[in-house]
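Below you'll find the structure I mean.
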Amino acid sequence: MQQIDALWAEFSRPIVNADDYIASLRGRSMNVYFMGERVPEPADHPVIRPSINAMAETYRLASERPELGSVRTEIGGCQTNRFLHVPTAPDELVAKHEMQRELGRRTGTCFQRCVGLDAIGACHSVTFDIDAERGTDYHKRFIAFLKRAQNANVVIGGAMTDPKGDRSKAPHQQSDIDLFLHVVRRDDNGIYVSGAKMHQTGAVNSHWLIFMPTMRMTEADRDWSVVGAVKVDAPGLTYVVGRQTNDTRIVDGGPLDAGNAQFAGQEALIVFDNVFVPYEHVFMDGEWQYASTLVERFTTYHRSSYVCKTGLGDVLIGAAAEAASHNGVEGVSHIKDKLVEMTHLNETIYSSCMAAAYRSKPLASGAYLNDEMLSNVAKHNVTRFPFEIARLAQDIAGGLVVTMPSEKDLQNNEIGPLIRKFLQGRDGVDTIDRLRVLRLIENMTIGRNAVGYLTESLHGAGSPQAQRIQIARGMKIEDKKARARALAGSSAPKK
Amino acid sequence: MQQIDALWAEFSRPIVNADDYIASLRGRSMNVYFMGERVPEPADHPVIRPSINAMAETYRLASERPELGSVRTEIGGCQTNRFLHVPTAPDELVAKHEMQRELGRRTGTCFQRCVGLDAIGACHSVTFDIDAERGTDYHKRFIAFLKRAQNANVVIGGAMTDPKGDRSKAPHQQSDIDLFLHVVRRDDNGIYVSGAKMHQTGAVNSHWLIFMPTMRMTEADRDWSVVGAVKVDAPGLTYVVGRQTNDTRIVDGGPLDAGNAQFAGQEALIVFDNVFVPYEHVFMDGEWQYASTLVERFTTYHRSSYVCKTGLGDVLIGAAAEAASHNGVEGVSHIKDKLVEMTHLNETIYSSCMAAAYRSKPLASGAYLNDEMLSNVAKHNVTRFPFEIARLAQDIAGGLVVTMPSEKDLQNNEIGPLIRKFLQGRDGVDTIDRLRVLRLIENMTIGRNAVGYLTESLHGAGSPQAQRIQIARGMKIEDKKARARALAGSSAPKK
Amino acid sequence: MQQIDALWAEFSRPIVNADDYIASLRGRSMNVYFMGERVPEPADHPVIRPSINAMAETYRLASERPELGSVRTEIGGCQTNRFLHVPTAPDELVAKHEMQRELGRRTGTCFQRCVGLDAIGACHSVTFDIDAERGTDYHKRFIAFLKRAQNANVVIGGAMTDPKGDRSKAPHQQSDIDLFLHVVRRDDNGIYVSGAKMHQTGAVNSHWLIFMPTMRMTEADRDWSVVGAVKVDAPGLTYVVGRQTNDTRIVDGGPLDAGNAQFAGQEALIVFDNVFVPYEHVFMDGEWQYASTLVERFTTYHRSSYVCKTGLGDVLIGAAAEAASHNGVEGVSHIKDKLVEMTHLNETIYSSCMAAAYRSKPLASGAYLNDEMLSNVAKHNVTRFPFEIARLAQDIAGGLVVTMPSEKDLQNNEIGPLIRKFLQGRDGVDTIDRLRVLRLIENMTIGRNAVGYLTESLHGAGSPQAQRIQIARGMKIEDKKARARALAGSSAPKK
Amino acid sequence: MQQIDALWAEFSRPIVNADDYIASLRGRSMNVYFMGERVPEPADHPVIRPSINAMAETYRLASERPELGSVRTEIGGCQTNRFLHVPTAPDELVAKHEMQRELGRRTGTCFQRCVGLDAIGACHSVTFDIDAERGTDYHKRFIAFLKRAQNANVVIGGAMTDPKGDRSKAPHQQSDIDLFLHVVRRDDNGIYVSGAKMHQTGAVNSHWLIFMPTMRMTEADRDWSVVGAVKVDAPGLTYVVGRQTNDTRIVDGGPLDAGNAQFAGQEALIVFDNVFVPYEHVFMDGEWQYASTLVERFTTYHRSSYVCKTGLGDVLIGAAAEAASHNGVEGVSHIKDKLVEMTHLNETIYSSCMAAAYRSKPLASGAYLNDEMLSNVAKHNVTRFPFEIARLAQDIAGGLVVTMPSEKDLQNNEIGPLIRKFLQGRDGVDTIDRLRVLRLIENMTIGRNAVGYLTESLHGAGSPQAQRIQIARGMKIEDKKARARALAGSSAPKK
């Protein structure tokens, strides 16, 4: 326990607000790389910083609107950020989703804390179930861990997706056993794990990571059936931050060229090389039978979390309407009709996610889990509608969205005035404001935050086909067939 | 009041079950026409009877699953059918929608009671508001009426859609003033109304009708701003039942040809010719300012009521799966994928409707009203997805769905055996069962109940454009623009 | 040859016009059933007659616009109906498709001659190929047959789709060998075939039928690998005409209720019971290797033939515009936009079909065959767009399209005047005309001709998945991958 | 004429191949800006160079496949690049489109010569018409200009889109008259024009520019109704090259990060400040009545030119298939199905464009013009389908497409080996090759060439609404209504 206390020592003073949070990221000795170079202080890296700002908004919201961004938690016995709270009633999932949409609106990007939140939710109930059936004490450990985290008000990231290698083979069958994260050895104090996790959202901006298996395991995959928590600067961890579309715009262009200069998302490859995890932070070790349950509960939570994209949708609809206003065509019927269509699609996503929250059901641990069918349906809509919303936004914006000169051209004495002269919108519109809004549309549809609004909407929490498989499982086709027979007056065929 | 007692005399014994209900329809002297002939006893008319059966299922459900189909009501002080209950909490709207889906599953068609239910909901709060602001006593009258109806457990229909004539003109401007229902004269006991209501769902199968204005009124439209309740056999009422696709199949073909021999919907044109309404049953008379509120609340309720189509969707998905099973191709990947797509679309509709219920808000009268934006979004999805579900069902079913011989051919000694021989499906499948299921698919996609599943889904509770107008009104575009400006770093343009 | 002369004796005077054609159908002793009864004279059957009228339009067009509806043919040495002509240049396929669209416009339904035409095209080249490789004389026989047919100007139907039974088994493996049409025995003069063909378009309205295998055959399926021509009244043939949506409207309602009183399609089940085919009319007998080629060429022709649906689309777009005009809303922006969308989809279909004609290639026999990829693409669009066009037509038409009273109600003295009063459209529109146009929209979207416009568009010439399989075969994915590698700068992976 | 000879002096030796072309761009004194700095030699600018490479492919194709990329022209009396040829038969438009698709396949981007080609086509016939009706000699001038261009084998760009300012006002009504390009003054030798053209494709990479009005003009807009040709380095011209998504990847990342290191598109703002045009190069000056004809013919040509995007589609489909192969899932049914869908959509676009070429009609000048309706339909499909193809490509590619590390990370000794280890695909696949293909998919769906594949597909040759307006004009709705009436048996309403 002393060992654990030491790990938590730096968090003895809880993070109270956004500034605290950013300060808490400084001075850590993480092994972070970006574009071929080690980044000693990510908080000062111009390309990484916007992703930290987005994460910081989760603290700012808790300060500004505590009823939405924070919650009184029984486990911690304190008020804590809602991103650390295990939902224990449908209304708490509803509030979670409202918070997610609001943060989407505030940042126009991925604020990166949902994976960790949904990992917490899934671990809560699965550790409870394992203990109940196996007599282990994972749940107690997990609760102790979570209590500390809630009191320290830290960021917990979730790490699930393994590289997977040959997809037709189980973890233990891979030619390189590291292609799935696994236990390398165990000693009296804890376990040592190696492997990697891909596409890790906000990893560099977190304080702790919970790692989890990525799929159903078999008995031979015991060593790969492991859940635990590590500090992000634990020895043996290496991070490679991925490149995003237009990530360097902020550097080579400037804030105007960036479109959304303040906020962005973050995904990294995390490599685990013999990383030590004390037993107090191990929440599953070998119980392979529970891996699929953990994954299913996590994805059920997480697919509804994509309600955040409706917040981005709000921003993009607003940007398109503003661009139309700048062009003097906001009242034209086909423009209005496109804004309605965008809104209709955006609210359809919202309704699916919210219905999945309202229809959540309690698990044995007391945690509430979104309705599985509706959560899959919600995410599946997210894999489609943002693409159409983005297309319509570009339609309204006009071709200038991809042919605009750079902010630096505006600063040039020769051509700056020419650009101002020729790119003016309707009377009353500042040309630079017009360009700013178009750059925001570029940012969200074919720029840095299109990564989150479009591609991540496809693949986050599982690619489209993953939802289709779950929908197939839950669609109760035999019941439906019986209903059809009842009306057709037919009998069930013999097998 | 004696007058009123007399009107209610025949309902002194409450309707308890489906049989009571059907019995209650007999012996009335209604003026009903179908295909050019007066129908003395609609309950015995083979084409009309299936629509009565569908309505009767609302009673059967209340008997079989009282927690779903009925409710304890404060107004009536009794247990009554849920179709007579004013929802006073989100959970009651949720239960209402569950009931609607279940009845869709049981009947595969429109069971015709939602218009009346949603009229009750809308009148409850609007009469309350008028009284509060104008010192009238409409709400008291309405509550007294509803109390009797709940205790008698009768069917109340709602009548809204006027013929409208020249759509660019207000009611009082029409060349024929009857094109909107209006007060012709008033005497000491009540009012007399003339006009017509179109597309009236289940009119002939009801006991009472509440008539309401169909749109915003102006001061000059006072006499057209009228709400009241009449018995369906009140003097001066004439009904013309519309033709439906394949309505006569049950007569000229038989149950197999009908596809769904037991259940169907019903729409009628109702003509009002100087119909007397005692003041006790008048719930608005001249308060033109409230007409639009009434319409908006009604449509907000009613658009979510289209959740019933997900019950039909369940049946059609089941029928498609059964047809695939009969063909021995249920396991083929493209078939499974189509069933998943159908389910995804069906559950997307469901989630929109349910979210609109969970997010309902109380009105001054205490009634809860579905979320307006989400209810419009829900209905708008209903104007699209059933068409795609139907297309996919036909895709799975195969061309036989429209080239099948008649049941009468099966009965013919020459060709019956040939049909049995050649239309057989996989082993274990009875050929007649195969045809029954295909006829059900025909029924729902290009037959009698396609009227309800497809066309009514487009136009009921307002055509697509009506939802788009409401979505435009509710989409808070100025808020969205402000969000975009916040991220773009731009200022609002001068007007 | 005397035997053959005898078979052709009744066609010694060529059919010159539509009236001749209808006369030619009378007095035949065909074994036709509909709704359980033998139909002695189909031309006088009110339900069947509209399908004959539609077929007759192919003759009327040839009379009125000979350059479009007829062609000078080398084989016959005469001017003949274009439906009997083997296309020998791209322009002839173009003209064929223009003719098909025009007939779609004239009839609003399936005019039933395309199957026969496309069978002729496929048999021309396949018999040529067999002879060239096997030394048979099928092509000579076929040319002789076609020459007679062209000179007589008769209707040739094509019969392909077998019942198929258990789809996982080859013809010879079926428990009932009749589930695929096959040779039962051979004698000196010819062969005897048994089995059945399903969904046979216009079968009863034809003079001759060419029967063909429905899929790839194996060596053990020699007896099922048979092509030949029979007169439609040959002994042993039985026809069961399928029921269509609203087929009896013309009988129980009247022309207004029918929507399109004059024209309809026709599909029948044809049972072959030991039907004799003289060798002169046998065009394949046992050459199982060519069955798949025959099917592929037939479907390549036939999928482009679905250009006819753009003619139906023209009618439906026109009907929707007319309905909007009747309602006084033709100039409203969302109405105009929907008409544009319908047109866009309709012309997209057209362009795919036409491109497939222009890009046709010659076969060894000299016949030109549509481009295979584009023909599949064209048909695949036909499986989707008419459904959306129909939905938009209903959207514009309004709910009245499914709630209208019967023509018989209009004739009733009590209610007829009420209907006229209340269903009036804008000034200048005759109420009956308004209803007629709405009934036409019903007819094409949820009525008798929706069978052809929608369901047949899905399944005719192969269901959607059949096109996807062909597209997969033709998509040259290895070439495309090589192109991608060239730009990515990557190497092909090792297998 | 001496003056003109001088202008053409530098082109006395025709450009023969791609190397010649690139050499021809060097040493010009153009006034080009990019990201705030003047670019003295665009051919050496790493961000601009890929767009030159793409243009150069039009020469390379002519060398490698002369039958496709070049043509014998009567006007020039020489073999010249097909991009300089006025099509005088449908087959030449067909060949043009085949060339465009092939160049799309070779470059995966916009090769920038279609605007100029389509400007040539439009000017050919419009100058002919003006001369015929007004007795001017524009056509003779134009032919002389084109003859020189063809013999020199230069690149002609087209410049149409004016800034437009307040879209509710005509050119002469704008507060700043330069918002549409116009004649400032005239002298004995020629005219002087001022204004700007936006979104100018390949402007910097051209030798000559033809400028044209952008929309219908009125009589008061005479000075804005001007067409002429200028050398790209004429005094008074300034170019501002727009920023494209990920344009600097090639600089800050490297070829792998760029995705398609070799090829890209280019759009620039061109400012005209008193640019002199000798009368020999003036092709319209004041004939405002012909402005709309010119625009319509240009867009009719140009909308079909978007067939090039099917070449990009080929590459993207291939890249998706290759990525699936790298993941070992190419044979999975949902992957195959998505590749089929992508192909289906791509070939639908192709068929629309090709049909528009085959159905071209001759104009008075002898030039052939694509079918207007089908060309609009084709382009309208281009505004939709590439977005869905791109979505499906990302679906197949997986999330790695936006989370990949940089090429520089691969070069890093610490993390390079880790990335190689963990991002490996199936056996036999080089990890770097896997990343290259994913970067290509990024490039085309959310990177530099997504600008051309997606946004330009929306807005080039007119935004979606422009096509809808043209489709509305051409849809012959009165004919269609008449067809509907003929089948409904109704009469035309009185107006």
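A, B, C and D label the chains in the order they appear, each numbered from 1.
Please note the rule applied: a residue touches a chain if its C-beta (ideal position, glycine included) is under 8 Å from a C-beta of that chain, and two chains touch if they have at least 3 such contacts.
All figures in this text were calculated on a predicted structure; none of them were measured in a lab.
Engineer: Please tell me whether A-C or A-D has the greater number of C-beta pairs in contact.
Structural biologist: Higher contact count goes to A-D.
Engineer: More than half overlap in residue numbers between the two sides of the chain A-chain B interface, or less? Answer same or different.
Structural biologist: Counting which numbers both chains contribute, over half are shared, so the two copies meet through the same residues.
Engineer: Which chain lies the greatest distance away from chain A when centres are computed from Cα atoms alone?
Structural biologist: Max centre-to-centre separation from chain A belongs to C.
Engineer: At what distance in angstrom does the C-alpha mean of chain C lie from that of chain A?
Structural biologist: Taking the mean C-alpha position of each chain, the two centres sit 53 Å apart.
Engineer: Roughly how far is chain A from chain D, centre to centre by C-alpha average, rounded to an integer in Å?
Structural biologist: Taking the mean C-alpha position of each chain, the two centres sit 39 Å apart.
Engineer: Could you list the positions in chain C whose residues touch two or more of the other chains?
Structural biologist: Where chain C meets two or more other chains at a single residue, that happens at 334, 337, 426-427, 468.
Engineer: Draw the chains as dots and join the ones that touch; what shape do you get: line, ring, star, complete or other?
Structural biologist: complete
Engineer: Under the definition above, what is the set of chain D residues touching chain A in their complex?
Structural biologist: On the chain D side, the touching residues are 33-38, 163, 165-168, 175-176, 178-179, 196, 198-199, 238, 240-246, 248, 252-253, 257, 267-269, 271, 327-329, 334, 383-384, 387-388, 391, 394-395, 398-412, 414-415, 418-419, 421-424, 426-427, 442, 446-447, 450-451, 454-456, 458-460, 463-465, 468.
Engineer: Using the touch definition up top, name the residues of chain B that touch chain A in the complex.
Structural biologist: Residues 94, 105-108, 255, 259-263, 314-319, 321-322, 325-326, 336-337, 339-340, 343-344, 347-348, 350-352, 354-356, 358-359, 373-374, 377-378, 380-381, 425-430, 432-434, 436-437, 439-440, 468, 471-472, 475, 477, 479-491, 493-495 of chain B touch chain A in their complex.
Engineer: Which residues of chain A touch chain C in their complex?
Structural biologist: So the residues of chain A in touch with chain C come to 333-334, 337.
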